[in-house]
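The structure under discussion appears below in the form of structure tokens.
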Amino acid sequence: MSVELSETTLRYGDGPIVLDGLTESIRPGEFVALLGASGCGKSSLLNMLAGLLEPTGGSIDVPDDGAAFMFQDPTLLPWLSAQGNVELALRLAGVPRAERSVRARELIDLVQLGHAREKKPHEMSGGMRQRVALARALAQQRRLLLMDEPFAALDAITRDMLHEELRAIWQRTGMTIVFVTHNVREAIRLAGRILVLSSHPGRVIDTRTITDDFRADPARAAALAAELTDVLRKEQFKHEHLDQ
Amino acid sequence: PSPRTAAQATELGPAAELKLGYFATVTHAPALVGLEEGILAEELDRDGTRLQSQVFTAGPSAMEALNAGAIDAAYMGPSPAISSYLGSAGKSIRVVSGATSGGAYLIAQPGTESVADLAGGELATPQFAGTQDIAARDYLREQGADDDVAISHAAAGTAVQLFSRGAIAATWQPEPWASLLVEEYGGEVLVDERELWADGSFPTSVLVVSQQFAAEHPETVARLVEANKRSVEWASAHPEELVGVADAAIRRATGENLYDAVLSRALEGLTFTADPLAGTYPVLLERARATGVIPGAAAADLDGLIDTDWPNNDTEGGGSR
Amino acid sequence: MSTLINERSHAGQEPDGVIVPPARDAAQPTRGRRLRRAWAKAAPPLAAVVVLVSLWQIASWASPMRDDLFPGPGDVLATAGRVVGDGSLPSAAATSLWRGLSGFVIALVIATPLALALAHVSWLRRAVGPLVSALQVLPSVAWVPAAIIVFGLTDATIYAVILLGAIPSIINGLLAGIDMIPSQYRALSHVLGARRIQHIMLVELPAALPGYVSGLRQGWAFSWRSLMAAELIAVGGSLGLGVGSLLQRGRDLADLGLVALIILVILAIGIVVELLVFAPWERRLLAGRGLSPMGANA
Amino acid sequence: MSTLINERSHAGQEPDGVIVPPARDAAQPTRGRRLRRAWAKAAPPLAAVVVLVSLWQIASWASPMRDDLFPGPGDVLATAGRVVGDGSLPSAAATSLWRGLSGFVIALVIATPLALALAHVSWLRRAVGPLVSALQVLPSVAWVPAAIIVFGLTDATIYAVILLGAIPSIINGLLAGIDMIPSQYRALSHVLGARRIQHIMLVELPAALPGYVSGLRQGWAFSWRSLMAAELIAVGGSLGLGVGSLLQRGRDLADLGLVALIILVILAIGIVVELLVFAPWERRLLAGRGLSPMGANA
Amino acid sequence: MSVELSETTLRYGDGPIVLDGLTESIRPGEFVALLGASGCGKSSLLNMLAGLLEPTGGSIDVPDDGAAFMFQDPTLLPWLSAQGNVELALRLAGVPRAERSVRARELIDLVQLGHAREKKPHEMSGGMRQRVALARALAQQRRLLLMDEPFAALDAITRDMLHEELRAIWQRTGMTIVFVTHNVREAIRLAGRILVLSSHPGRVIDTRTITDDFRADPARAAALAAELTDVLRKEQFKHEHLDQ
């Protein structure tokens, strides 16, 4: 099930155009990273892919069964524990009652929260909440997984471990992943393709395909990271001059 | 206003203003006549007293207003007067004149022939310990039917609705509801309350004044009593015009009224008299005691309630010392 | 594959089970649009009224009850003609409306600082809080004898009964609103160096406002109902004739047409106050915070 | 420099203007602690009662009013002895409490699905929403004639009046709770693939619960007050004597001692229901979400 | 005004000890970074420094006039615009009415949100909200500034610009700054001293002082970053083995 954007345009109310004529196709099983300045429309694009927002123009094709979505903020339900939040997702995904508890435990262990299973959201740290949200997104088991800065609140070590886990899950399940990050090296490390968005309005200004060979070579990866950072910087400076 | 006991008050001459309470209903016809024909205002004006009238919808709130000093005198049924007098150990009010007599009936569902037919049904009276309530209980006791008929309470329109729906077998109601039941809902008159009294008369509404006001302004009370007497006389003398006058007064006060047919039937059953019928009070109290409604009541507690000796110059008040 | 194409107007198409936040409107409102909007807003309540009145008419035809026990719309209209004609209904409605609104505003002014005091003084809340909830439960008629003794037969009595009815309800509404404020806001106030009064005025009250408005709606209901109870005390004289007195009159005379008419008048007043005051206020408040009352997004 | 040292018990020291979230308690509750806690909880309301009763006694001594117009605590106690002795008060209180609670529960069961329907069906809310708010404003006595015509002098009349009073209030409370739910929760439900019913049961209702409870408190107040109104209508016969009827009897007999007693009984019932039901429920709910009613953190 | 922690201990309720006997002194005008695994107690420590939380044991001395605090989540007031949120902080800091609007504009421009001045929080992207929170924290003008992952939601370019601005402000005002970050290089780039916290319980396991010379040399900075990452990794692995 591929994701197809054709001339997709978005504006909120009568504000400025946020996304302008995006035409893009994401193959089933692809792992795509979105890069772009803060406020350029990345979260809005994910919202449209998840069916939470209608495009103002153009069309979007997504798999019928919807997408798993890890929001930019954790959005945990405050009356449920970590375990409870994950079990809820399993329940709504139709997992039989008997399996839920075991599966939820596995997912919570996966995100290194075994010791905080019964904590309520207000008793958790920011990074812990984000990890529960990650576990919940994985619990949904959809063919399309959307992630909005999933590791932003995590320390480097935890993040590394979760990168591994995510890639392993992706390889095992063959699902399609679209994720937003501000960390260029994270994008290079994880994604098969990187889309760079401009802002005001958001358009795809650069696309890079990353092979496993490429990833394995630290020097080339570092060079690419520098190059992409430069693309982003140029884009943003252009802007600053238009703005003022 | 903070009402003090009458004993502390001193006579202050005629009052500048008299606040009079009444109900906008036929049993208060002397009040309606007095207001509509200007008799009350005219009589009080002789001492330069202004008349302020106030319509009430139920005895308790009129009594509360009287106690609070919000009104100085009121037409009301004898039972709230008795309750208040007993409750205040004889300090609250005095009955200074009679107004209306008669006009209370036991009305039963169409086809009812005697009290025996009521067995197993419900009899509604307007309120617990009210005049009709005591009459009903006493009557049932006399007839030996007090175990067969349950008593419930529903006032005025509510009783009419219950009756029309067949939810009650009978109801003991004053006018105009008794007539309304007969005229509009085919009710049978089982008992005319007059039959239960020795000389066929019992008080339906009387004129009461607060003791405080009576002590301070005896002249004004005398004027009021005089005006009431004139109104009563007018009402007795003009039975044809009475319906129109009463209807106009009620509409002026509340904007709404019953049909003329009901009104005239109701007025026919009423007698207007300035005599408070003092002799009936001990009987009333005895019946209340006997039926267990006011178990501790003793006739002596009513001493001083009725004081018709106006005009008098006795600042201590009280005709029956 | 499901395709979401650019179609702004498929309101009814929402697929089963999909809980989509309402998409924002792209176009500028034009004159025609605005008219259509006003119509879209007025139509459903009007339709509801038409449907209810028709049902009523049918029921009154079909019912085996006597006309005076189950008056139909026609009878009520006739009664309306009469009491509007002689001016008693309009003046009673105006009197009651004035008392209700002014009493409510006074209650608001008294209740708000009390609620804030309860919210901030912990022992006061523990001492008086349950009493406030209990006062809410006390029927208005219970106050009537005391109010008459203290204030006599003046408007003050009526206002006393209204206030005693409305104040506890508004206090509880505001307290509930305050209790639901995210605890982070208190931390924020502390960090920003807000004095208590600044915290209350600049953070707490605005944050509690949506809950407060819904408390006010209940407070308004309480004050109006207490007013009706107070208007049964006495009529005329120093106390103007109110809607409550007319209602009592209708009951006393077993005039169900009048009773039904008064019910309709009170309902109409309630609907007007809701549509003109509470609903728009609540909608504006919620919209300003990115929330939207679900049924009211048109 | 301000120094925060480890002192767990300086409750009163909070410096002016500091809005500190209550620090969590470190120690395990022991038996002695628990006793002291229960005492700390009970003391303020008890103190409030003692203060109020003393003021009342002093006022009744100092007041120039006749005793029967301003009964003191002694008079009321005597009245209490009488009506408790002959069993009329306990049975009336039990009757009313049963009617109030069962009526409230029925109202709850009816109102909740109605509120959910209004929250989810936009045209229904626009059509009926204002009517619900208006119904809340309608005084209970207005329903009495209709209820009597339909149900006669039975408990059904009383329940009808209670339901018509409580249902609109509960509906509005739940609607307000739902309107204040963060819009992200709807997005979450959509993304998790919740069907509408699942969204309602698993997300919407729990999220709206704190607002709902405060709506229920108002609903309880409405149902109790409606009950009182209903009990004034009609007494005796097949209908048990309720507290409302006793109140009316007190007024009929000009027995202000009885009126004061009934007011106290109603207040006591209100306080008990608040302390046993609503306050703990609300506190538990809020605490479970990291919120805490500010006055109630002991 | 220095910040003094002496044997500061913290636990929530009867849970495990979160921070265990921290004794640390922060000089006036110091720029300190806190590093540590997710959930180790960094935010809790800042909360104690801000007076929002009382230590369970030991004592904390902070300047009398309190601290400016940028929370981990933006905590904007939803009924105020970006400008309004910043103006509120100025108002509560006692800035006269006339100046507020101008100062708020300057701060909003500083965080690159000139185009979104009148937007309400729900109309902003995650990164935009974080920048408003930053502007608000700067508006407070206290001698002590606490920041909890202030740049986590920002793209690399915006982050770079704000790093410059923050250092400039720090140099100009001489305020004391304590900030939490998961980005080791960010810590090296900005801070004069880095404290590394362990978790379960939180203790300071490493302290590094960073001079401007050091910072200027990319190779040494990179080496330090690798070294600190290693410290963190070792700490976390130790844990994992204890946990399981």
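All chains are identified by letter, namely A, B, C, D and E, in their written order; residue positions are counted from 1 within each chain.
One rule holds for everything that comes next: a residue touches a chain if its C-beta (ideal position, glycine included) is under 8 Å from a C-beta of that chain, and two chains touch if they have at least 3 such contacts.
Fair warning: this is a prediction, and the values are worked out from it, not measured in the lab.
*Asks:* Show me the overlap between the contact partners of chain D and those of chain E.
*Replies:* Touching chain D as well as chain E, we find A, C.
*Asks:* Specify the chain most distant from chain A by Cα centroid.
*Replies:* Looking at centroid distances, B is the chain farthest away.
*Asks:* Using the average of all C-alpha atoms in each chain as its centre, how far is it in Å between chain C and chain D?
*Replies:* The separation of the two C-alpha centroids amounts to 19 Å.
*Asks:* For chain B versus chain C, what separation do you get between their C-alpha means, in angstrom?
*Replies:* 40
*Asks:* How many angstrom between the C-alpha centroids of chain E and chain A?
*Replies:* 26
*Asks:* Could you tell me which residues belong to chain B and also touch two or more other chains?
*Replies:* Residue numbers touching two or more other chains: 60-61, 64, 67-68, 157-158, 161, 165.
*Asks:* Can you pull out the residues of chain E that are in contact with at least two other chains?
*Replies:* Touching at least two other chains: 12, 51-52, 73, 122-123.
*Asks:* Residue numbers in chain D touching 2 or more other chains?
*Replies:* Within chain D, the residues that touch at least two other chains are 18, 20-21, 65, 69, 144-145, 149, 183, 187, 189-190, 193-194, 251, 256, 290.
*Asks:* In their shared complex, at which residues does chain E touch chain C?
*Replies:* Listed in rising order, the residues of chain E that touch chain C are 47, 50-52, 65-69, 71, 73, 75, 77-79, 88-89, 91-93, 120-123, 140.
*Asks:* Report the residues of chain C in contact with chain E in the complex, numbered from low to high.
*Replies:* 184-185, 187-194, 198, 202-203, 206-207, 209, 288-290
*Asks:* Any idea which chain D residues touch chain C in the complex?
*Replies:* Result: residues 16-21, 41, 44-45, 47-48, 65, 69-70, 118-131, 133-142, 144-146, 149, 169, 172-173, 175-176, 178-183, 186-187, 189-190, 193-196, 199, 210-211, 213-215, 217-218, 220-222, 224-225, 228-229, 232, 244, 247, 251, 256, 259, 262-263, 266-271, 273-275, 278-279, 282, 286, 290-298 of chain D touch chain C.
*Asks:* Which residues of chain D touch chain B once you look at their complex with the stated criterion?
*Replies:* 63-69, 144-145, 148-149, 152-153, 233-239, 245, 248-249, 251-256
*Asks:* If you look only at chain B, which of its residues touch chain C in the complex?
*Replies:* Touching chain C: residues 1, 19, 21, 24, 52-58, 60-62, 64-65, 67-71, 156-158, 160-161, 164-165, 180, 184, 253-258 of chain B.
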